[in-house]
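Common to both upcoming complexes is subunit A, partnered first by subunit B, then by subunit C.
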Partner chain A sequence: MTGSSLLTQISAIALRSTLRTARQPAVLVSAILFPMMFFSVNAYGLDAATSIPGFPADSYLDFAFAFPLVQASLFGSITAGADLARDIESGFFDRLSLTPMRPVALLAGMLAGVVALGLVQGVVFLAIGLLMGVEVSSGFLGMVVLVLLTVLVALGFGGVGAILALRTGSVEAVESAFPLFFVVIFLSSINLPRDLIEAGWFRFIATINPVSYLVEGLRSLVITGWDPQALLLGFGCAVGIIVLSLAGAGASLRTRVAR
Partner chain B sequence: MGGERGADRPEGDGLVGDLNGRAGIEAEGLVRQFKRGPRAVDGIDLRVEPGEVYGFLGPNGAGKSTTVLMLTTLLPPTAGTARVAGYDIVKQGPQVRASIGAALQEAALDQFLTGRDHLRLQAALHGLGRQERRKRGDELLERVGLSEAADRRVRGYSGGMKRRLDLALALVHRPRILFLDEPTTGLDPQSRSALWAEVSRLARDEGVTVFLTTQYLEEADVLADRVGIIDHGRIVAEDTPENLKAEIGRPSVEATPAKEGQRDAVAKVLRRFGKEIPAQPGAVSVRLDQGAGDLADVVRALDSEGLKVSNLRLDEPSLDDVFLEKTGRSLEGAGDEEVGEAQA
Partner chain C sequence: MGGFFAVAGAVAWRQIYKYFTNPAFLAPAFFPIFFFVAFAGGLTRVGDVPGFDYSGGYIAFQYVWALLQAVAMGGAFTGFSIAGDFENGFASRLLLAASNRSGIVLGYTLASLARVTVTGVLVTALALLVGMPISGGFDFFGLIGLAVLVNLAATLFGAGVAMMLRTQQAGPVIRTPIFLVLFLAPVFVPLDLLSGWLETIARYNPFTTILEAARGYLVGEPTSTLPAYAIALALVLVFALWALYGLRRAERAG
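Our next item is the complex of A and B:
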């Protein structure tokens, strides 16, 4: 009994993460329901925005479709981060630390759960969106890319959730970061294209905010079709967030394990 | 205390490094100082032989759990060294962890997983093959009496069931050394007895070394081959329960006055025969200077003073008496005065 392979360890942790989520219907429902609720309210309440000269879409429904995808990724990251913090608070993290499990397996297993949830959310939102009348200009392949980018966004945000959990070891601290994340999302081009934002400070923040490029990458697949620049920036930002957040989570994990 | 024990060790039996490949525990000068907190563990020396059940007895906040966290590699020591199963706890953490099983103070379980899910996860992380995982899981569930509840979520388990599952999880990989941190705290007497029986069986039949922390005198007395008494982060006494009690030697007598208001008068008489020690509410107790032979004189003295008692009891020394002797306080209730270890 010299210890299991990394893959076995990751699978075991991911299975546990998935079982936990699947056995909490309230988490699943809120992860699907709330983003769709915000999407519906935004799409119908702000439809008049399409009459602004230069607005890039005829339907605000299509324009706003990136919103639930990004918001759901945020929900997923907070849920996963809170779960990890709960493990630390309850001593379950110590229990896992007493096995030959490699620390990276804990992180990878947890993030595998985030990816699985992101995948489910992406597919479900797409299905609901299509039923509501969203038209994806890039076609079926674009839908696949849309879900892929959503999953990458979920993974990047999941890494941030893991950093918070590992640094603080507190469910309360992780959950209290949620409003801050929400502000970051709103200070992007989530509701209006950047060139239509009138306030200079807001446009500046939206321009330096990487969330804008995630949103624009997702949105381009819906309203424009294949826009290489938007996609490159979207995937580039997603990968950048993943690399940085995973590096940070890895360092936080090493610090936590060494305590 | 550790220094005193050192003198009893066989010659050439160096403290660190001589238990390589064996299932023992050794610590020398182990210290844990928390930032802005107390010195939770203040220079502990101990040696637990392979196959031994070692009871670490002390009140809340004495340093028991902090010691376990260090020995299980979950907390680095501030100073000192320790080897578990022959491996250094700081330099050889993975080897230590592969050799030990631990059920820590809180039964850390996932409320949304079943008992069987927990065992599968633990077995997978320990590298058991698929079939072995299932077999070992079933075997342990049966052994701790959780076969019927195996597929129920843990949030529906009682405290005793959680503790038994905790023990099963610690045993998945057949460890040579088992750390149990207050395993029966909060359990009903029946669950406590069941857990005691299983711990005894593990040591007796499988030769597992058990390091058990407890604040229950009876638990240490029943289970432990040797007991270390810890107070304020230091071991103040260590030996077999019998030897520790024999060290105190003399029994105590406890008298309960028949009439309220006569307690002081009864105490005055009893103090002629020995030093007063803590007693039940309303009663007076003294450690008899001359042993059990004083009892008849005590009765005669009370009678001559016209003091009637509703209850008179001769008690053999207990581990609480040992604690009292060494620390000046009774173990029961001593923890209330301590700073909680968790807060440290």
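Our next item is the complex of A and C:
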């Protein structure tokens, strides 16, 4: 590894991270199966909600399609964070710091694995969604943008998973954050548009919750077509989360290496 | 027979002591409370859709599901405790010491009931706090009876799996079927408003009958109460046999 460029180092770690995920069928199955199961239960369980006056879609299946994309990104970040924490727990991270490999390569490689998983999830969900009858109003280009935004969301939340792993160095602590991620998803406009949420306190939380804007950006591509405002807010929030979480992960990495 | 109850009492007392000296015993209440807040708070307008005919309103509609989820997950968590006891060696010593081993199953079941009494009260207190009406009066006890049976069935199912596998990795095997049964039911809207494959599965899911009867009790309009109790009792009986079978397997494994 001596003398190898940062890019080579990142590629090596990214390959390791991707292969580790690919070799755990249980992780892959739960990363695909659970979000699709929840999506399906929501879509057919809440189909009647389309008859609420002012509901923006004719089919709840279309409306709910952002759900598996965001949920999978959040869950993927827990998986990646837990893998990084396992590297710290097992001493791999410490051994790595004795080699010429730069610690930042470990973080970037892990995030590259998150992006790869996000890409696979985005494409697989899109294919299953289309088979189930989801109609993407923005057409083929919209599907590409949908997958791109999903990957950015995965990267942003992957950074949050990295912060948790680097700060705690504990797999258990990272996995304990799972319920919190669930809270963040459900306390958003994931199930109903914000203007149709009756409870004022819930609408307020959904309005300040960035996940609402990620969901609305993704959803606009499916049910509206090209909505510049929703897309700007969606991409803006995704980039904001990426910048903040990577800055936090970088700072956590420096603290971890200094120990 | 004295040994049976003595063992059950000792196991139950140990479990209850463990629960109430560790705040983690409230963990099974987290998801039901959270789902209740998320669904009852965020989906209130769903109560206005044509055909939504539940007279108690949307908060009450969601409360019943959250309560049954809390008691079912309480049963699942007891299964996790049993698996943990096998993994750390306590259960092996217990099997050696117990004069009547069937009492062990009863002990864990009683402890599970004590645990979900607290989590059930928490869910109910929250629902009352956000304005849920209990218009059914004494019929509410019918709902409590069904909740107790659901907890017994889930605990016995979890106990059977935990004793068969004797490792904490049994967690997903216990949790996943319970989660599926809970969600493949009329969670958000009444059965007639479901659509697609979910409607078909929910119609054949025995939990749907229990859920609908429990919702009827809450508003004083009991429906399908006899089938609901019959199904719940049958589940308790089947899973009691399953738990005893698991116990025998654990005995043979030493």
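Criterion: the second predicted complex is superposed on the first by the 257 of 259 C-alpha atoms of A that agree within 3 Å, B and C clash if a C-alpha of one lies under 4 Å from a C-alpha of the other, contacts with A are read in each partner's own complex, and residues count from 1 in each chain.
The rule is simple: a contact is a pair of C-beta atoms (placed from the backbone, for glycine too) under 8 Å apart; a residue touches a chain by one contact, two chains touch by 3 or more.
Keep in mind that what you see is a predicted model, and the values were worked out from it rather than measured.
Once chain A of one complex is fitted onto chain A of the other, the partner contacts of A:191 are limited to subunit C, with no touch recorded for subunit B. When the two structures are aligned on the shared chain, A:204 is found in touch with neither subunit B nor subunit C. Residues 30-31, 34-35, 38-39, 41-46, 48-52, 183-184, 186-189, 193-199 of subunit C touch subunit A in their complex.
Subunit A meets subunit C in the complex at residues 37-38, 40-49, 51-52, 179, 182-183, 186-187, 191-192, 196-199, 201-202, 206. Contacts from subunit A toward subunit B in the complex involve residues 1-5, 8-9, 11-13, 15-16, 19-20, 23-24, 87, 90-92, 94-101, 258-259.
Those residues of subunit B whose C-beta lies close enough to touch subunit A in the complex are 72-76, 94, 97-98, 100, 102, 104-106, 108-110, 112-113, 117, 120-122, 124-128, 153, 169, 173-174.
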